[in-house]
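Before anything else, here is the set of structures, which you'll find just below.
Presented sequentially are two complexes of subunit A, the first with subunit B as partner and the second with subunit C.
Up next, the complex of A and B:
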């Protein structure tokens, strides 16, 4: 029997369906301490005083940690790619978002841990918050990040991600119509059924066993090892079975802090975020601000695109520079647009840092470019199927960053959808394929962008 | 006051593998004395079905039944590197690593079977747990007997490792964004049609039907592919009409802190979903597969936005398309600003309106 292509039962399906799968929080470790976090109650402030002595002195409290307990306080999600770090594991001199962790307590039970968090003395000097990415560049905007209000470390220390292709000015001169619009998809929560959870056991041999719900065992292993400044053999991540991630559990949100508490207390610890923490303090999908102006002809060719993207990163960079780069590489959607002028900025605001989520960087583009496509069709009075098929990626067309497409399927999926919903396409549209452009489908404006066929084959 | 129906479409693409690559996955496989197969890989299964798909790839590649496979991704002591389950890479990138490891195991089984049968390994094939001579199927030995012979007779471990890594694609010109290598493993494509009903009195948008068409390269397990597409559709519906961490973005007030105040899609929101699978095999994915895990929630929001316009004649370009936004748009009935050949929508949302001059979006008329 063939295994590939078969409707075989899910490997772990029965266990999931009968509730027998063991997730992180199902592991029972005798003597494990409860962990609770002191989080920032304000959006932006300087920390002017932090005293944990009363909490530490409470009966049943086994460890309290602050930034002073972290061997390497700042280690970035993209540090392995050489991108500098900006976010402390625990807040040091300032807080930049409501919910930011400042100190953690490990105690004998949940109530004691919560009471100890309450007993931590902290003073803030509250500062004005920056929330609107459109105002981040203004002279009167508060400067909220050590790098300024937008990320300045793209290649060659550029402060934005740029794409330039073809001759954008000529495309706009030649256009019959220029259609312009603004697109703003919202921040959303990952809403995993399993909230962020972790348990850590300090082993007799000095190793730490970390029960983790990470989506990326080895990525998280590297992050924890870097913060703790230990070699990889000192840590064992146990996981691989995740109760919903959708990108939010690429962040290594709990593991390092639990390790520090386990080390300091010498006891196993467990931390399970409440649903409220998951909604309010865990990272979200980013809100995006996108402006598009397309130079189009009356018969539906897209000659050129100007685009500005402001990616709301929240308080720290996390994966946002990666997400914006991916976004820029795909900002023409499923179509070939030969003349491009794209500027994108990762903008810091005083909200919970945003992170990866299903479709990272491109979900926003799909919404913006496809809604814009529908608008263009409407403005020009054209068939929305025709305009899509005409501009569709074809073999040997080139991407925004100059890569020849080898196996594009815009034409296949648009035609299959039309057939599936019973829309009758014209004979000319039905005859379209993904093969390299020729004849009427290779107008003058698309000639220069066609890549080498040798690159394709 | 009435309920209006509308339909909209969208077509999208999405890359497989980490953008710019450089994301390794590795696997190792060993065979027990009765031919049963243990796979060690570091790929987290986040519900996407990677344990299943990678087990299928191993079964297919070696030529043994699926239920002979034990898949272990439980810890970093025994499992080799996997960058992680994100970037739609678990099937394509990590799956390629297990395929490579399985090919080596297959080779070792054939080598030992060749000794047992006294036939050149290149004249042997494996299917359904049996090694047979090509063209002479009566000459055969079971994989179980091969594994036993390896263990007790030849003193060998049947094992294999595999690794997949596409080199990092460098941006060679940050001014233009040009790269020196393709920055993806493959690109997948999808289309979607949404049918909605919009109540012009309440503003409520009900998505009644979604047609979804995905080019998955090759559906390694059609049931799991359909699950990804249907689950993604529901998440896309959430993006389109329901979910928002900041209901009055950019304000941070009124955040939903529980399921009663944050509207994630539930069964009552489910539309009828029709799934169409297209298979244009990828050049180098395992068995022609491409990754579609993430893009499954990308085409619905623009299809829904176009359907709302089709229904009631207003464009709502801030997501989600809530009743409040629909009613405000119906009240405003905004027409685009026309100036020369410019047709400008959404002036009120533009950075040009909101910024006091620090940032502008310049468009020559």
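Up next, the complex of A and C:
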């Protein structure tokens, strides 16, 4: 037990402080080729012509790849969970977001690689783009995805993540006030100081050694193997050193394409995105559109919540169905609301695909719920601390998806927050605990939702 | 074209307009200066040019003939770390480590110039450096500790640093 409670130095602290940590682009491989990408200059278009012959003929160009070089073109980030794939590794007939990769070049040096990208001939038929989730459901909206404008493959082929709990109509009949709000947190770029980078060595024994900055080594292993249609033992991933990720290095952004170039050229390859590429076309945290209507009583109880969420997935699904599922399970925030009617959609737009970022799916609803709690307090003229503590999750309360809480922390966190910012709570609020509801804290409308602790043990 | 890097003289072969960053990393294989944005915005490539912090990514090597360059490799080694390196280790001032080299070089120049442990002054000295992991509190604490002349026990990390208001709001 020497480590518990002790202040131990970081295992990599001295390496960081002496410049000896080896990040992916710090690996030096003799003869490595530079990689550059041809990316879509427009949000949405049909590709009507693609000719790489001039690029291939250039001196110093060792390989050019397009969709035709990918053994399995479409493989989804959730394919291993049985969710169908929708995204080609390289664009084939169409592009759906600005910056989408279409072709890649490996050349002797960076300048040659850039010149070769310029030499690729491509023709587009540009189409109207869909950039706002609120327009995706309009009858005259362009249909921008092969599945329609929203994801249709939740369980039982439902086109939404849906939660129904209690009796929502009765809650709204009993309400003194309906408090509504619309919350729209914007996209956020992760901005790791290390851009996406990768190096791949085609080994003499036929394997590929992949130096990767991924946050998810074994996940990337599966994705690369699937696209390449090779067994896992043909790939050796070297990783574990990430120059900032925050979720933005969960998607397999570079490894597969570098492997294809290494195979085609027979040479090691090296790809380091520019900062411009990182901003233009690396995945972001999603923008969200959330509409909340709460049925509340004059004394600060929340009887029910109706909610609509539009989760901007960008051009392809990636992890968004998973992110929306987490969101739905947390859609009451840290509070207990017994009657719920939630519909959430993963909406496709012509934005860059969105992905993981520090609690994705949950941070959006936390922002919306906390803002909404303060709005309810404003409307009712009540203390915002009181309505938080009254409605706080307590032991044996049930979550939106019916799980009995055994270890809820809302009460202690709210009290710590008050203390941290110097707010003096009343004696009654200070006495609040997370113990199972009783007395005044168990009004009639909350009785039915209380679960049995035995059920979860 | 001659450069002295960490007290070692080099005859440079790269083209005159090659950036100092590429000369260091690609020709000399000195890897602590990092390519972060390659347009002067993030500070990860910062090195000392004759003692002054400079963005290696924006500096053509032709402008530096005869200059003396210092990188993190020139500050100290794992067995003999300089005070700035000890402080960054002890105060847990690096998380992913990618901005750390540039941060330390800016800190070194600030301290060599007689910088104090004043948080606003340290913040000003590091203002051109982006960290996306830890925030800046521990980095500022590390620099302040060197300015105070603290000694560092590298077998433990520092007690957690209380939130210090460096935003100018009282």
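We adopt the following convention: the second predicted complex is superposed on the first by the 454 of 457 C-alpha atoms of A that agree within 3 Å, B and C clash if a C-alpha of one lies under 4 Å from a C-alpha of the other, contacts with A are read in each partner's own complex, and residues count from 1 in each chain.
Assume a residue touches a chain if its C-beta (ideal position, glycine included) is under 8 Å from a C-beta of that chain, and two chains touch if they have at least 3 such contacts.
The structure displayed is predicted, hence computed values, not measured ones.
Judged by the touch definition given at the top, the superposed model places A:275 against both subunit B and subunit C. Once the two complexes are overlaid on the shared chain, A:239 sits against subunit B while remaining clear of subunit C. Using the contact criterion defined above for the overlaid structures, shared-chain residue A:23 touches subunit C, although it does not reach subunit B. After overlaying the two complexes on the shared chain, residue contacts for A:191 are found with subunit B and with subunit C alike.
When subunit A is checked against subunit B and against subunit C, the one touching more of its residues turns out to be B. Shared-chain residue A:12: touches subunit B and subunit C both.
When both complexes are aligned on chain A by C-alpha atoms, subunit A residues 6-10, 12, 191, 242-246, 275 touch subunit B in the first and subunit C in the second.
The touching residues of subunit C, counted against subunit A in their complex, run 25, 29, 31-32, 34-39, 41-42, 44, 71-73, 75-78, 81, 85-86, 88-90, 92, 94, 96-101, 104, 130-133, 154-159. The part of subunit A that touches subunit C in the complex is made up of residues 6-10, 12-23, 25-26, 28, 190-195, 242-246, 272, 274-275.
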